[in-house]
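Note that chain A is present in both complexes that follow, paired respectively with chain B and with chain C.
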Partner chain A sequence: MSGAVTRTGLVDAARMQLRVIGALVIREMHTRFGRQRLGYLWLFAEPLLLGGVIALLHGASGGEGIRSSFEFFSIGFMLFQLLRGIVSRAPNTINANQTLLYHRQVTLPDLFFARHAIELAASAGVMALFVVAGIAMGGAAPDQPVKMILALVLMLLLAQGIAFMVGSITSEFEAAGYFVQIATFGIMPICGLMFMVEWLPPDWQEVALWMPTVHLFELMRDGQFGEQFRTFYDLSYIGWWIIGPHLLGLAGLRIARARVGLE
Partner chain B sequence: MGLQLIDVHKSYPMRDGRKRVLRGIDATFRRGERVGILGRNGSGKSTLVRILGGIEVPTRGTIRRSMSVSWPIGMAAGFHGALSGADNTRFIARIYDRPVRETVDFVESFAELGDYLRMPVNTYSAGMRSRLGLAISLAIDFDCFLVDEALAVGDTRFGRAFGARLARAGLIIVTHQPSLVRQLCTRAAVLADGTLTFFDDIDEALATYNSL
Partner chain C sequence: MKLSPPTTAFEPAGEEPAWTPAPPPRRRRPWPIRLLRHPFAWLVLLPTVLAIVYFYLVAAPQYVSEARFVVRSRAEAPQPSLGNMISAAVGGAGGLSTAAEAHSVRDFLLSHDAVARAQDKIDLIAIWQRTEADLLARLRHEEPERLTKYYNGMVTAQLDGLTGLLTLRARAFRPEDARAIATTLIELSESLVNRLSERAREDSLRVAREEVAIAERRVLESRAALTRFREEQQDLDSAGSVQAAVATIGGLETALAAVQAELRERMAFMRPDNPALQVTRNRVAALERQIEAERSRRTQGGGALAQQLAGFERLMLERDFADRQLASATASLEGARMEAQRQQMYLARVVEPNLAVYPLYPRKLISVGSIFLGLSVAFGIGWLLVAGMREHAA
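This part shows the complex of A and B:
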């Protein structure tokens, strides 16, 4: 009997949280892109332009084969864009939505979940577009799309834990936000977007694999190119990088919630 | 049952130690009851309102909530200035699980905003903003309305309609104005020195408050 009650309580709570996140997504889309229906397309425009330009630049810079191909950089950039989009928006997430906390069903993590859902839709949508474009330009279809999707999901979770931490730190120390903006672009050369571990000298391979994002790029390229490369990744290593920041970040948000002033 | 506070404490960190604002509040608000809470400036009224509304968590103590309590009416309802009144209404309807279209229709007929309902809230006067917030809160139809300070609705058509609706609702009003409590409430309490004292007789509460 009491078990049934508890279960209903949990289901209700989950339904309410989904409702809040859904409402926040709609609100965020309206505030970011205006009220015209086509405004939503801007969500895809930014990653599409950035990814396209970077892929074309690398394609034009010479080199041969997949190493400088459109698919390598355009699709890779979307995995990077997911991380960058989520983490670089984390610093002002609490500030921009503070007054919503007057409605007690809105929690700090909800504010982040809503933004992350939007970033995932943008990156995954444009990535799918680039996959189709790559095939249309005569490239091969992805070897195992499931691995690419898994890489996206894991990148979402990795970025989310970091965003929770960044959000709680910047709610106390606002200046830390500037550092985050620089860091999200600063890690571009070392995050795994630009290289494959196989191409590095053996000593550097080991160093590169300390970086959790490198594993995710390897996983995605395993799905994208199959046997053409030897790939290196360890899902349990990624797991720790997801769990650790989530625990620290959620604890930080709890502290931040008690300190966020509403006046 | 309704809303129950058991030994609720709230303190804030200050430069020199902690400031203890609430020091052991015990209170029970039953569904449909109309309670006035009187407090002087700086007695912790805003803190108490935020705790009652579930916006802030107590440092210590328990809160049991078995009726729907509104957000503190009179405080900003979290409107986004760049969005229209209608969009803000839709957002609040969604998070409170109310039918979106009917909520907007109600606000349209009640708030007397005319075409402004489709304009950004940034363009509203303070009065329009307040009417929007009040109309939305009525549309949500809470068991208990939590009211912070005076309701500046005045003797307009809107003000009378709002007053009439509020006269039938459960109410917790936290204020420094005795007249409002006498006019709207059936029970009263005085907030002083971080504790809350209830009086069954309103006159007794007002006398205690006036002697503070």
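This part shows the complex of A and C:
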């Protein structure tokens, strides 16, 4: 905080940070998919297969109306995939890229930003594919795509805050990473992917709405199905869930940076 | 760390002219100046101070009037009958339909329809544009859509899903205004419930009433047809006439049998040309002719008794059927009326709208606190991000 850095200095720094993140994205893609035959296509193939299988299983298992529909689970699963992809990869982000930290320009958040950009591209791309597939299979077009995009962006931010926290905690206590792996799957039945709040009895509805992801799934389904269902969501509640972990996580990463550098 | 240009803005305003010729190192400055030069002051403290000024000095007090009511139907009252007990055990459908009614009342209360009706009864626009209202909180646009938006900020209706209790809260700048809004809204909800209930009642009764009208018409028509038939045939009771005719023929046949016996008896001891025998023969012939004539009169031709009887019996049957239909239609109307009576919805006030004494709104401490907290956290994140960005340039 010397005060010597002026506004243009900040813009330069931001531009530099974007370049670093861009380079990190390319490196990450290469280390993850570079050696496989299909190459970068695996980025989309993995969630596509998972989401497709889950949607088909639920579709085949029967059920009433929308509960068994292809769109409900395939598109919902992509929102979940974004959260799962970001949070479950958070524990080893710092470890995997530790060597890069010898470059002064690479900061810890950059590593996370790069991974999150990849996850967002994968989830959003496959989700768009599923939307098109749903329409092609005779489903209705999304009612308000803006709300679905907003849900994606908010899910990215929510997952990012959590990922920062997870990353800074696991850099100190490595064992915490295993709990994160379990938790990302354990959260699946209660995160809002499997149900809509409207289906729950009234007293359970309140309990379900404590879960921030439930609000996001409701927001996305509001955009997806429009007025067909009553949806419950509170954007300010999600807002607190986004900025709280961001503050703690970013602060944690600054502490972690000092410790990681010592090794 | 300079996000905004306070440096240039503050240098001339510096209160210490003695320092200007040779400024000592930064650290020496007194802490209030240092705090003011920090972006935290501009991005967090200044908005918080503005919020404090607004909420504690400018904002007009807003009074809340609260009312609670339930939408009930008589069907929910326990009735000592087996059917009701079974349906209650299975999961009373009556309660569900009442919850649906409560939902529609809630939706009505938050709709433009309620705003328009309330505006007709009490002048909402004037209420929310009172002189004591401050600039930020008052109603600024009078178009119906924007009025509805503002209304939704000032009036809340919450439904407790389990009990069906609706809680209505209305805010205004004068206590009596808030109470007037709440009272009017309850009256509007009451008339809505009555309208819905009336409509359901009419629907269920209309079919039964139509049935009764049809049965009544049929009864009248059958009576009229019977009367017309009697006038045409000049005969009150065709069945009785038939019995009389049968009796006549029977009598004639008895007489004929007696005369024939007498003839045989006389032929045994009289000469064939005896005049007494001739008289008897004449009587037999006369009786046979008479029987023949009676038979043909009763059974053949247009006005024959057989035709008459058939028509008469058809009409009597029709009359019986019509009577029975009327009886059953009347009974089902009675049932429908009782059912409608039982299903009638009504709005029961649990808590009457109150006249506020202390203004609960605006919530000063919570608002100021959440503004400060939110800005601080946002500032913290921003600072961390910017600091991270700086590392790239360093």
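Convention: the second predicted complex is superposed on the first by the 251 of 263 C-alpha atoms of A that agree within 3 Å, B and C clash if a C-alpha of one lies under 4 Å from a C-alpha of the other, contacts with A are read in each partner's own complex, and residues count from 1 in each chain.
Please note the rule applied: a residue touches a chain if its C-beta (ideal position, glycine included) is under 8 Å from a C-beta of that chain, and two chains touch if they have at least 3 such contacts.
What you see is a predicted model, and the numbers here were worked out from it, not measured in a lab.
After superposition on chain A, the partners chain B and chain C are accommodated together without colliding.
Touch criterion met: A:D203 reaches chain C, while chain B stays clear of it. Applying the stated contact rule after C-alpha superposition, one finds that A:L247 touches chain C and leaves chain B untouched.
Contacts of A:A258 after superposition: chain B is touched, whereas chain C is not reached.
After the superposition on chain A, the angle chain B-chain A-chain C between C-alpha centres rounds to 160°, nearest 10. Looking at the shared chain after the overlay, A:Y102 reaches chain B, while chain C stays out of its contact range. Chain A is touched at more residues by one of its partners, and among chain B and chain C that partner is C.
Contact with chain B, but none with chain C, is seen for A:I26 once the two complexes are overlaid on the shared chain. Applying the stated contact rule after C-alpha superposition, one finds that A:M16 touches each of chain B and chain C. With chain A fitted onto itself, chain B and chain C come no nearer than 7 Å, counting C-alpha atoms only. The residues of chain A shared by its contacts with chain B and with chain C are 16, 20, 104-105.
Chain contact summary for the complex, chain B toward chain A: residues 46, 50, 53-57, 71-72, 75-80, 82-84, 87, 90-92, 94-97. By the touch criterion given at the top, residues 1-2, 7, 26, 161-162, 374, 377-378, 380-381, 384-394 of chain C touch chain A in their complex.
Residue ranges of chain A in contact with chain C, taken from their complex: 1, 3, 5-7, 9-10, 12-14, 16-17, 20, 104-105, 107-110, 202-203, 205, 243-244, 246-247, 250-251, 254. Here chain A touches chain B in the complex through residues 16, 19-20, 22-23, 26-27, 30-31, 35, 99-106, 257-258, 262-263, going by the rule given at the top.
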